[in-house]
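In what follows, structures are represented as structure tokens.
In the two assemblies presented below, subunit A is common to both, partnered first by subunit B and then by subunit C.
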Partner chain A sequence: MTQAWQLAIGPVGFRLGSAWGRPMTQLRQLYDGYPSPSFADYTARIEPARPWRRWLRPSLAITGDYMIPEALPMALGHGLLALEMAMNLQMALGHRRHLLIHAATVERDGRALVMTGASGSGKSTLAAMLGERGWRLMGDEFALLDLDTGSIHPFPRAVSLKNQSIAVMERVAPADRFGPLLLNTPKGSIRHLRPRADAIVGMRAPATPALLLFPRFGAPTDVRPVGAAEVFVRLTQASTNYVALGEPGFDALSRFALTVPAKAIDYPDTEAAIERVERLWAELS
Partner chain B sequence: MSVMQLVEALRDPATTAALDRAGWTALLSVARAEALAGTLAERVAGRPVPREVGEAMADTRKAAREAQRAALWEVEMMRRALAPLKLPVVLLKGSGYALAGLSPACGRQIGDLDILVPRHTLDAVEAALRDAGWEWVKQNDYDDGYYRQWMHELPPLIHRSRDRMIDVHHTILPPTARPTPDAAGLFAEAVGVGEGLAILSPEDRVVHAVAHLFADGDLAGGLRNLWDIDRLLREAADKPGFWGRLGARAQRHQLAKELARALRLAAQLYGTPVDPLLAGPPHWGDRLYIRRLLARDDWGRATRRLTRFGFYVRSHWLRMPPLMLARHLWTKLRRR
Partner chain C sequence: MPCESLTLIYHRPSGITHVVAPPVPALLEALDQPMTARDLAARLGFDDAEAVALLNERLAELVEAGLVRRA
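The block that comes next holds the complex of A and B.
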């Protein structure tokens, strides 16, 4: 392997390999300050889609311990994104220690606010913004639900900002925490943002879930309660390993759905959302 | 660190004492690539290992046990679907080992559900499974016709809501392959495991694993198949008359040469106790097989492209006569 590096994110260690130098250099800059563990739970790699595609019209395949055969090859210029996706793939297909929920999480006073929703719901941006305003960012991609204790473990990857949210965050976070701007990716423009130092220092500290939100960007402000049954079903859909975990997964998710209050919030812009989130949080105690 | 380290860890888990954390990282990657991670995790259970390694191994064991539970539930779903037909249904490979509690099952990854039924009952079995929610995997007429005319199994069926695959076999090798196993004999000797289900006899289990390893495929997953053979042999080796019966069954199924090679390779890699008469003298070709079985680097990547390609070509060569092979490859090529 041309370029190799090991990276710990929360409780998970990754061994990363790249056939090209640049994506790995970008990744190491982006994750500056993260621990480099000597044991890795998963190996994630990017390599030429075909042997000659290393030099000739370079095209890369996302792979590792776990892979999907029909994954589309990506452009070398998007190598950093590909490495991120390779790590996601290992988690989504291989991770069994926690119930994985596709959600963004922030923490305050040892209690976690979990936000889940489809791509485009704005949960990443919301979490990133809260992370700049007194909350500890626990992650914008996966919430790791502990099967025994019911707490949430951080998985503070670099936040993946897309399209309009890039400019929103560039106004509040310092330039040295951003990765390169990646144009024309399969998901549009993407720029990664390294979380603040407190998120990295605290990345082994779990938090008790206190509130679940289903944010939806682009509608007038509205808040609705969501019942436990609906929470349960929506979270089974938002989980990548619910089925594979079997009974322990069912138990953990039921407990979460029955004990954590849940609200759906619609919001027209990030400021309105933050104001509403702070108010809901204050009403909890 | 190489894939040989995995072989040694499986054979003698004490060899892992020499591994540092980086060594464990590579070992786990290689084991996953060979579908042997669960097996490895069970083998090293209880051994002193670095804390994070121990956690990863415990996760892997748990995942393998849960996956087996799901695989056995799939067996039960199939059993209910086929029960009205009152057929002899033989479970092959992983799910058979798991249901019967045989030693290869320990930590084993179980993929599709493989069953064996008498050829004349295929239509009824197919209809019963389709009634119970299994559907054809989308494919074209050529593939479908090919399976039905030339393969030892129906085209794969997948369950509509559980998304699990079942392979319905009527014998253990394609009819076009040169050896012709005695399918009726497989049923005659099968051992009941309750409720209308059976597994192959101890000797036929080994012969089937051998057929699967050498006569049907390009040795992908070969280390896992060879591990099955090792476990099956160790479990049966002490039974009086086992080796004699094994030799006779291999003759009967026209797989004596393949059995001999499997015994030599298992003995060489996993230290399996084998009957030297059945295994025969070392053969120059064994080195090629070992080379192919160990073709992986410490990132879990496939290596030795040429060797792999050679075995790929060989797998087709074994499966069909030359003219048919030419026609088959031509059809496949045009479709790409």
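The block that comes next holds the complex of A and C.
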């Protein structure tokens, strides 16, 4: 492995490796200011898909402690994205210390707003925008639910902005926090955004979940309450390790579903969503 | 664990989560020891044939789900 680096994101340490220099350089620039871990929980690497693919029409495979056999190789130009996916993969397949919920989370006054939904629901963009407007970004990919305390631990990776969201965030965040624009990925155009410094400094500070939202981008504004049973079922589907955790996962998730109020919000644009989120948040207290 | 009108169950032997609606929680609570379907019906106060037939249907579903074991 020609390039190696260790990176702490919240309570998780990664040992990263790349057979090529450029993706690792991009990653180090993107995660500038992040601490080194005291212990690396997971190894995540990108390697040539075949030995000759290091030089000849380079293409890469994601490897590490956990890997998916027969995964399609990726273009070297998407190496940064592959390293991000490699970290996600290790978490999704290997992590057992917390219940992982596929969700974006922001924090204010020690309380967490958790937003979950399918890819394209707008949760990453919403979390990124809130992170520029007085909230602490805790993460846009995984919410780490503590099995004992029920609190949410930050996992503030770079935000993965897709397609129209890129321009939206380029208007509000400084250029030096963005990674390179990656075109023609399986999800279209992708550009990563490093969270604000307060999110990095506070990456070890958990928060108590106070509100769960199911955002849906592209529809007229609407808000509906979501019952605890529906929340429970939808979150089992949004968790990558619920089954693996067994009873502790059940206990943690059922407690979350029964105690955290939940709403589904439809919104036509980010500004409308933020206005609605702030109003719902104010109604909590 | 009660959850609105439903009940969440973590089944330890299988590790499977179940979300069940009434009358399943009451049936499982009444089944606190091995018993015949007839005894269970009596315990629940079912005495007409139609109610007992419905009980047997629910029990068959619970056997299928792995929450009740046929002796």
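Here is the rule we use: the second predicted complex is superposed on the first by the 284 of 285 C-alpha atoms of A that agree within 3 Å, B and C clash if a C-alpha of one lies under 4 Å from a C-alpha of the other, contacts with A are read in each partner's own complex, and residues count from 1 in each chain.
Just so it is clear, a contact is a pair of C-beta atoms (placed from the backbone, for glycine too) under 8 Å apart; a residue touches a chain by one contact, two chains touch by 3 or more.
What you see is a predicted model; the values in this text were computed from it and never measured.
**Student:** Of the partners subunit B and subunit C, which touch A:66 in the superposed model: first, second, both, neither?
**Tutor:** Touch status of A:66: first partner only.
**Student:** Looking at the overlay, what does A:40 touch: subunit B (first), subunit C (second), both, or neither?
**Tutor:** It touches subunit B, and subunit C stays clear.
**Student:** Report for A:13: first if it touches subunit B alone, second if subunit C alone, otherwise both or neither.
**Tutor:** A:13: touches subunit B, not subunit C.
**Student:** If you count the residues of subunit A that each partner touches, which comes out higher, subunit B or subunit C?
**Tutor:** On the superposition, B touches more of the residues of subunit A.
**Student:** Just subunit B (first), just subunit C (second), both, or neither: which does A:258 touch?
**Tutor:** Second partner only.
**Student:** A:246 contacts which: subunit B (first), subunit C (second), both, neither?
**Tutor:** both
**Student:** Using the superposition on chain A described above, determine whether A:233 touches subunit B (first), subunit C (second), both, or neither.
**Tutor:** Touch partner of A:233: subunit C, not subunit B.
**Student:** Could you tell me which stretches of subunit A are touched by subunit B in one complex and by subunit C in the other?
**Tutor:** 246
**Student:** Using the touch definition from the top, list the residues of subunit C that touch subunit A in their complex.
**Tutor:** Listed in rising order, the residues of subunit C that touch subunit A are 1, 3-6, 8, 10, 12, 15, 17, 19.
**Student:** For subunit B, which residues count as touching subunit A in their complex?
**Tutor:** 20-22, 24-25, 28-29, 32-33, 50, 52-53, 55-56, 59-60, 62-63, 66-67, 69-70, 299-301
**Student:** Report the residues of subunit A in contact with subunit B in the complex, numbered from low to high.
**Tutor:** Residue positions touching the partner: 1, 6, 13, 15, 17, 37-41, 43, 45, 47, 64-66, 94, 96-97, 244-246, 248.
**Student:** State the interface residues of subunit A toward subunit C in the complex, per the touch definition above.
**Tutor:** 227-229, 232-233, 236, 243, 246-247, 250-251, 254, 257-258
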